[in-house]
Every structure is written in C-alpha cells, then in structure tokens.
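Take a look at the structures below.
Two complexes, one shared chain (chain A), two partners (chain B, chain C).
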Partner chain A sequence: MKNINIICVDDQSEVLDSVIRDLRSLEDFFRIEGTESSEDCLSLIDEIDSRGEQVGLVISDHVMPGTSGVELLKTIFNDSRFSNTKKILLTGQANHADTIKAINEAGIHSYFEKPWNAEELLNTVKSLLTQYILKTGIDHTEYMPVLDQAVLLEYLRKNA
Partner chain B sequence: MMTKTKWLKAIISIVISIGFYFLPELLGVSLTPVEKRVVSIFMLAALFWILEPFPIWTTSMMVIVLMLLTVSNNALSFLKTDSSGELFKNLIPYKSIMATFADPIIMLFLGGFFLAAASTKYRLDMNLAKVLLKPFGKNPKFILLGLMMVTAVFSMFMSNTATAAMMLAILAPVLALFDADDKGRAAFALAIPIAANVGGMGTPIGTPPNAIALKALNSMDLSVSFGKWMAFGVPYVIVLIIISWFLLLKLFPITKQSMELKVGDKFLKTPKAIIVYITFALTVILWVLGDGVHGMNSNVIAMIPMAVFALAQIITKDDLNKMSWDVLWLVAGGFALGLGLQATGLAQNLIGSIAFDNFPAMGLMIGAGVLCLLMANFMSHTATASLLIPIFAAVASSLGGSLDGIGGVTGLIVSVAFASSLGMSLPISTPPNALAHATGLIDTKGMAKTGIIIGILGMVLTYIMMYFLAAIHVF
Partner chain C sequence: MSFNDNTNWSFENDNAEKQIDRLKQLYFLTDSASRATYKKGKHIVTQGALNDHLYLVLSGTVSGEFEIKNFLDTGESRSFEVFSGSKGTFVGVHSFFSDPHFSFFSVKAVTEVEVAILKRGTPPIEPETYGSLKEQFIPMISNELVHRNFHLLKTLISNEQTLNRLHRSELNASLGQLAAGIAHELNNAVGVISRKTDYISEALDKIIATKSPEMHSFFQKGFLYNAVESTEQIRKQSRQLENKWKLSTSKAKILSRILFSSPELEASTAALLENFSEKASYWELGRDMRDISLAANHSADIVKSVRTLGGSHVTREEGLSIYETLSRAIALLKPNLGNINLEVDLESIKKVPLIYGDMTEIVQIWVNIIKNACDAMMVAETKDASILIRSFYSEKEVSVHITDNGPGIPKEMVDKIYQSDFTTKKNGLSFGLGLGLTIVKRIVESYDGKIFLASRPQKTTFTVKLPIEKHYEKY
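Up next is the complex of A and B:
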C-alpha cells in the first residue's frame, strides 16, 4: 500500500510543514512528500514514476526561486506520464495573468489563496484523490475511509 | 500492488490445493487424474475467493485458464494421456469451457447491464425514485419504508452496488440534518444495503448468485422462467423488506418528526430518453410474459435492448467499455467450476462415495442454507454461490424424490442462492454494506446485529416459502 504520492511544493519550509500537517489524516493511505523547489519536485516525481508508484496530487506554491509554480504545474500537465495527476495551486502572490495561465496551460484543478482554510483544503484534496483513484482504476475499496463519499457514490451509481 | 500478506495467502492457497490433489486417495476415494485436477482447481478457487490475495474476478479468469490447460481436450499434451499413452476419457471439450463466458445467462445479465446503464444515463433511476417516493409522505418512518421498497425494486434490475450508491447519495444531505444522537440515522444508513441485498433476490438478473442458480437448474433441465422467478421472488422480497423495516424501527428508533427528500427533477423528454423508457418497459413486460406467450426465452429477450440501445447510440462505445465485465467474468468462472464438476464425472463420483441416501432432506436443505449464509457473510456472494451451488445441485439430484415436499432440487438450489444474498452482517459482506459503513452513521456492531437477525429470518422465510411452493406444486 501507499502507492499514491501527494507532493507539496513550497520554498518556505514553515508553510510547507503547515500544508503537510493539514493533510496528516491521509498519511495512512498516501505517501506525503514535501520539496522546497520546482526542480526538486520534478526530480522527485521522476523517481516516483520509475519506482512504479503514482503521483496522485501536486500542491504547489507559485512564487519560488528558480522555476515558478505555474511553470512547474504546466510541465507536469504536459508530461504524459502524469496526465491523470491532480494539481492545486496554493499561493498568495499570483497575479491575474499567472492565474489565467495556471487554468489554461497548466490545467489546475483547484486554486487556494494564502492563508487557506485547512478543512477546505483537506476536503478538496480528498475529492481530487477520489477522482484520481476512480479514473486510474486503482482498487478504491482499499481507500474507503478517506474517499469523498459524494464523488464515490456518483461514480458507483453509474459504473457498478 | 501485492503486499507480503497477499503473497503469503496466495502461496498457502496453492500449497493446500496441491495437497488436495492427493487427499481423495488418502481417504480411499478413487478418482481419475482429471478429476483430481478439478478437485485442486476447485480448492484453489475456494481459497483465493476466501482469502482474496487477488480481486475475485481474476480468480475466475484463472479457473478458466487452468481448466483449459489441465482438464480440457486441448490441454498440454502430457496432461491429456495416462502413463500408457491412452487419452483420458473425461477431458472437457475446450469449447465448452470457453463458452462459459458467452453463456446465455451471461447474455441475460449483459442485457440487464444495458438497461441499467441506459436508465442511469438518462436519469430514469433518479426521476423514477422521486415519483415512487412521493406517496410515502414526510413521516420519517414511512419514508424509511419507501426508501427500502424503492431500493429493493431498483436492485431487481440494477446492480445492488449501483442502487445502494444512488440511494445513499440521495440520503446523505437529508441525514446531515438529523440530530447527532438520533438513532434513526443508523436505521436509514442500514436500510439501504439491506434493501439492496434483499431486492436482488426478486428477479433472475437481480444479483449474480441468481445466475449461478439458473445455470445449475438449466443444466438439469429444470429451468425457471423469468416470470416464475419473479412470481415467488417479488412477494418474498416484499415480505422480508417489511420485516426488516419493523426490525430497524425497533432497533434504531427515529426521533425526528418530519423530513423531506430532494431527488430527481423532470423526466427527460428527448427522443432518446423516450426510447429508453419504452425499451425498458417492453423488455420487462416480455420477460414477465415468458416464452409461452411470445416464444422468446428471457436470454433472447435480454439481447433486444442491447441492439436497440446500440443502434440508437444510447449506449455508446465508451459506455460499452465501461460495463462491469469483471462481474461477467466472475460468473463465468463460477459456471466453469460447475462444468468441471459435472463434465468430468467428479460430482457423481464424490456424491456416490458418500451415503446421502439416508440423509434427511430437511437437514440437508437447512445445512446447505446455514453453510451458505455463513460463507456469504465473509466472502463475495457470487463466489459463495459458485462454490456451493454445483455441489448441492449434485447432492440434490442424487437424493431423488425425498426433497419433493420442500421444493425438490429447484427448491434447494434457489434456497442456496437466496442464502448467499442474505449474508449482510459485516461491512465486508457486500459492497453496499461497505458503502453504508463508510458513511460513518452505522457501527459494525449495529450492522452485525441487524444483519444476523435478517439473515436468519430470511432463511426461515425461504424455507416456509419452499414448503408452500411445493404444496401448491410450483416446484
């Protein structure tokens, strides 16, 4: 188990820790990793993929030294290995143009503004990971306690 | 991903089933090598289905492939002949093994899948639920009964899981308005899986164990028509639902005085939606009327909606790919096991070596039901039926007339199929139970208590019904 990875990216380590802390209730089912730059994130997901594991979700900050968060998510979006990976942009400093680019070119699934509501973030993460699991055909019964009920029930109504 | 425990379970299963190859000899039962291989494959399937090192449908696929490789007339050459080079006489034609996947009963189920997929796609399920729930008003007690009835009716034609998922989704927002200490929440959350499991017994296509029973009956020329099954299945479901309703109200009293369900909207009136409504109604009518009236058996009728929905592009290529093919493979594997027991002569041999003749028929019937009910609580209902029905079918046919007073061979097989649908005391018993448990509104203890009581009452009701059906010469 713990084949599905959640990657959090933020150059400020206290922010990174805080995001990871908010997701701690998912730890029994997913591997939660943190990186402090886009470059580290890319090499990490490359390594995860070559281990035969999945990248279920990337939560990234935008303004970071080196490659920006939107550019990072765009790279992931265009990589066929990660075509099902869910993406959240978590930022306080993205301007209008960045946001448009994040939606149009990086295909982000959700946008959170700092400071964020922990419960809301957790619920969004659960919902996105449920969609990821159902879409990729991973046996959802092993993840029952952390799945988003509404998403699961709607899927099963149509597909069971 | 295979974890270490799963590998361990797989290896233990393989070792035990190889051991079973030698067991008959040790017990002094003489079997041919082909029969012993079937014993081993049967044991392997049983252990894989119980311990679940692999998803259950994959075990079915393995059964079919192992049978092709070891006991078919196209098996590996060194497995086809004895030590003197003579061909074994009881090899199974490979075409019969492969044909289990295209068995008419599989087609019947596929037809059912088409109907379910089309009605979900055109929201017939949600909208029909709205209409059917309306007469039950706003009193939570009667809404509970209404929900159970509607769930049961839907699961007669849709999969138990899809029905439970739909009804739980309707319920979730309403239950959120209940007080946290209102036991009624548990009554509602439990009502759905109970009704979904029970409803499946109402029609031949309601749930896969029924397919296993139909197949066994067909192979003994005892076929039960769609209409005949419904004639006893539907009243049975209604009575058991009402009993369960009383039980739920007693165990989990509802304190909330009034509630309102928000479900569905207007019926779609597009040409495609209308084709769905008409085809659905027509198929059910043809099924109920039966071949005595129009000449078509239920399997053939099931193909009509397939053609209509495909041509009208109501079911697209994408929808077709999304059908629950795993369920069909699961059932096919069950058919293959039954074929293995019958066609190699193994069933006859084993039954012949045990003195069933002096066995009290009633004892056998109840023993079979209890064993089946017990197993179905811990493993897949379909897998339980796949393992037990072929065996009890063989036992029953060897008993001759002594079963007549309690429904004969048909009564025994149907009651075993019913028993396998009544396993619902644990979250792992069935997918609907797992979904209800995941809502967090019902604990395992409450589910176990209710499930055990309904399981036992359901079996008693089954036996009373079989006695009655035999008395009026239906079976």
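Up next is the complex of A and C:
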C-alpha cells in the first residue's frame, strides 16, 4: 500500500501547504508529497521511480522561478516512465498561450484556477487517480474508499 | 515610427533647378532689379491685400502665415504657418500670378530680410524661346508648391506625434489614477483583515494558554514557525520518522518541522508523540494564523505601494531608507516577475546611509528599472533570467546597482533609452506607472544624482547614485 504518489508543486510554501491539506483525506491510501520547484519535483520523481513506486498525479503551479509548471508537466509527459501519470495545472497566472501549450504539449488532464475550490479539487483528484489505478491495472479493491464511484462503475460495466 | 529629419525630403529636379536659376539670374539678380529691406516682423505681403510684386529672398528668413479670425469661436485670432523660407525662396507667388491679385496669406520677415523685386508688367525675356512670363515661371511655381506641401506634411506628422504622445501620457495618468482608486478601496478591506487577524491571533493565544496550557507551546511554535530547512530535508526526515514511529505522512511532516525548529525536543520524541494528533492540530492552527497574518501584511504592502505610485504629491524628507524603497518596489513588482529570479543583496542594502527624498519618487526609480529589465528578458526569453540588486556607498553618495542577465541594450540604442518617445515595447501599458526610463532619469537628476548604464549581452547594469542625507542640497 501507499505505492502511489501524489506530488504537489508550488513555489509559495503557504499555497503548497494548502493544496496538500486539501488532499489530506487521501493520505491513508496515497503518499502525498510537496516540492517548491520544478527541479525539485523532477529529482523527486526519479527517486520515487528508483524505489519502484508510482507517480499517480502531479499538481503543479505554473509561474515559478526556474522551470515553469507547463515545462515541468511537458517533461513528465514526454518521459515514458510516467506515461500514465495524471497532470493538473493549478495556477492563477497562465495566459492563453501557456494554457494551450499545457493541453497540447503537456497533455494535462485538468486545469484549476487559483483560488480553487477545495472540494472540486479533491473530487477531480479522486477521479483522475481512479482512472490511473484502473489504467495501470493496480488492484483497485485496496483503494475502494477513495475511488470515484462513477468512474469505477463505468469501468466495471464496460469490462463486465 | 519616430519622425526625425533623417527622412529623405529630397524632391529636387536638376532641370527645373536650372530653369529656376535662369529666372533668378535674369529677373532678380541684375543691377537694374529693385531691392528692398524689411525689418524683423514687417509684412512683405499681407493676407487679403493686393500684391503686384514677386519677391526673391536674398538674405534673412521669412514665414508665411495664414490668419484665422475668431478661431474656434473663441473670438481670438490664430495664425498658422504655411511655409517658411530663407535665401532663394520666392514670396508672393500666388498673388503675383493669380487674378485677382489678392494675397492668400501674409508673409513676414522673421529676421531682417533683403529681397529683390520683380514688378508686374515687366516684359518677358526671350519670349520666342521661353514663352510668356507666366510660362517661364511655371517650374518655379510648381517647385514652390511642392516645398509648401512638404512643409505642411511635416507639420501634420509632427502634430500626429504630439497627439500620440499626449494620448499615451493621458492613458498612463488615468491608469495610475484607476490603480490608486482601487488601491484606496482595497486598503480599507485589507486593513480590516490585517487588524482582525492580529486580534484573533492574540485571542486564540490567550484562550489556548488558559484552556489548554499543555498545547500552548505547540500553537506558538506553529505561529512562529519560519522554515529554514528545505522541503527535501523535511521529506527525507519525515520519511524516517514515519517508519520509526508509525505516523501518517502529514503528522510525520509536522513532527519533522517541529524538530527542525526546536532541535532540543529530539531527545524526548517519545514524550512528544503522546497525544500527538492534538499537538499537531494546535501547531497547524498556529501556522495557519501566521500564514494569514503574513498574507494580510503582504496585501497591505502591495496596496500601499500602488497608492504611493498613484499619488502625485511629492514630499522629500530626511531619513528615507534605500532598503525600504527597494522593499516597496519589490512588493509591487513581485506578481510581474514570473520566472525571473530576483536576488537582493540585503546585507549591502541595509548598510547604506539614509537619504533625503520622497518615497514615491525613489520607488518609481526602482520599479521602472526593474520592470524594464523584466520586460526585456521576457521578450528575449532569457534562460535562467535573474536580476541582482546590490548597494554601495561612499562618503557622499549611495549607489544602487541593478544587474540583469538579459540580452543587453545595443550600442545604437543606448543614447535613446531615456527619450520619452523611445520604446521597444509594442504595448506600453506596463502598469501605467509612467514613461519608464525618462521618468527615472528626470527624478534622478532632480536629486542631483546620476544614472549610468553598462550593457553587454548577459550583463546589463543600471547604476543609480543619489546623494546621502547630509549632502543633499535643498533648493
């Protein structure tokens, strides 16, 4: 258990703390990590991968010193080790071009604008992680309490 | 486009030039031709009056002016310059050749003017080859016409420029006012948040101290928590703690943070972990209050900076700290920094002596220089863009160095960057803070200070020198 990691990236520690806190109800099932830069995130996912764990989801801010969030998600998108990893862009400052790039080149699955709604974020995270678990063939029964029921039912119906 | 006199206004025609030269030689520059001298300010021809002469200016400057009585219903008369000329210019062309021979506008002597005169009725020379007087003068007439048209065109372009500049400065001014208005409104709201946060923090502190004294120190540790360790350090340590004490990730992280900030507790970790859920909650509560309070102060700072910039009154006072002006400027610019790394050498900045000055003006200097560097690096997509701010001082002056690693300013632009109509930015709506470096230079010079620029690719430094308090000369 707890082999699936959720990584939150935001250069502002108070914001990072809030994102992590909003996901706390998932912490019995997933490992929730935070990094304050894209560079730190990249070394963390390497570390996770070398431990044989998975990166289920990355939630990143966009405008940060150093590598931007969109660039970070693009790097992850193009890394075959993380081809199933779900990606959320959580930002208040991405312009139109950044957003287009995030969708086309970084394959993001969801976009949240700051300030975000905690419940909405949590539901999206659950739904994306459910998809991740089903896609990667991990035994979903271990995660029942936190899975998105609608996504799960749809999957079971299709695979019946 | 910037209008200047490098524009090629040449429309000379060699053949016409020759014919005009012949006319001058034959009709005006002979011994028998009449001459006259006009004192400065005198009319050579007068708008609406009859004119029988064609004049060639031999020396001095003339100006053709069209007068409008009751201009725009103001009851006042206004004159508009139609053309200007000096040696070689013909005057009275229209009225001399047209019928009736009334002057369309006045021509007056700007300096003392000497003219040669051709009277109407003078017989043409060599009419069999060159035709009538009118025919002979056609090249001159068309030449004058072209000159005057170009004169008007230049006036038109320069008017257009003036209008543009006016429009831009009005835009800047109104944006500044708008920002100041919003800031004023927000100031009250932010003020309430900031003040009430302090009240709640104090109240919570007291309540916890009396009701749950054993939890009080955790609330306080959370409230005073100031991360010195990196998230990576926390991550590594909390992972160990998690395994060692069988804790959840979030609790392990809180424990890790508590141990980092209070290393003396490490020996008694087992005791610390008794009832840890509650302790962790109080610690988090403390840290939440701290975050709110920091955020409220930060908002208040930004609002204050925007208000300062919107304000127009300038009060130069003693005891202004460069550190404080830079802090304000940075607070204001922070949201615009994007991924630019701002490195501020606080040590050097805190050391410099106080100056005599106005907060608004000095903040404007930094904002404009830093903003300019940011814009240049964003446009150039500079890699690992960074700005370094350092400060030095001597016995008489303080100097602030703002260095960026952007593309640099090309040599040919260096002389122009302080001009008010010079910009490389396509949309100049950068916050409505003013006219960038023009304002910077004006402010710096009004303090008897100096601004220097040293630029090459990857290293552009603006150095601003301002006199320190006791060396400032008050006017």
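Keep in mind that, in the parts below, the second predicted complex is superposed on the first by the 159 of 160 C-alpha atoms of A that agree within 3 Å, B and C clash if a C-alpha of one lies under 4 Å from a C-alpha of the other, contacts with A are read in each partner's own complex, and residues count from 1 in each chain.
Note that a contact is a pair of C-beta atoms (placed from the backbone, for glycine too) under 8 Å apart; a residue touches a chain by one contact, two chains touch by 3 or more.
If you're wondering where the values come from, they're calculated on a predicted model, not measured in any experiment.
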A:M64 contacts which: chain B (first), chain C (second), both, neither? second
After the superposition on A, what does A:E120 contact: first (chain B), second (chain C), both or neither? neither
For A:A160, select first, second, both or neither according to whether it touches chain B, chain C, the two together, or no partner. first
Once the shared chain is lined up, is A:E33 touching chain B (first), chain C (second), both, or neither of them? second
Superposition-derived comparison: chain B or chain C, residues of chain A touched: C
Between chain B (first) and chain C (second), which, if any, makes contact with A:L44: first, second, both or neither? second
Once the structures are superposed on A, label A:S13 by its partner contacts, choosing first (chain B), second (chain C), both or neither. second
What is the shared patch of chain A, the residues that chain B and chain C both contact? none
For the complex, give me every residue of chain A touching chain C. 13-14, 16-17, 20-21, 24, 27-28, 31-36, 40, 44, 63-68, 93
Give every residue of chain B touching chain A within the complex, in rising order. 1, 3, 55, 117, 120-121, 125, 159, 161-162, 164-166, 168-169, 172, 322, 324, 431, 434-435, 438-439
For a test of understanding, state which residues of chain C touch chain A in their complex under the given definition. 227, 230-232, 235, 248-250, 287, 291, 294-295, 335, 338-341, 384
Okay, in this complex, where on chain A does chain B touch? 1, 3, 139, 141, 144-145, 147, 149-150, 152-160
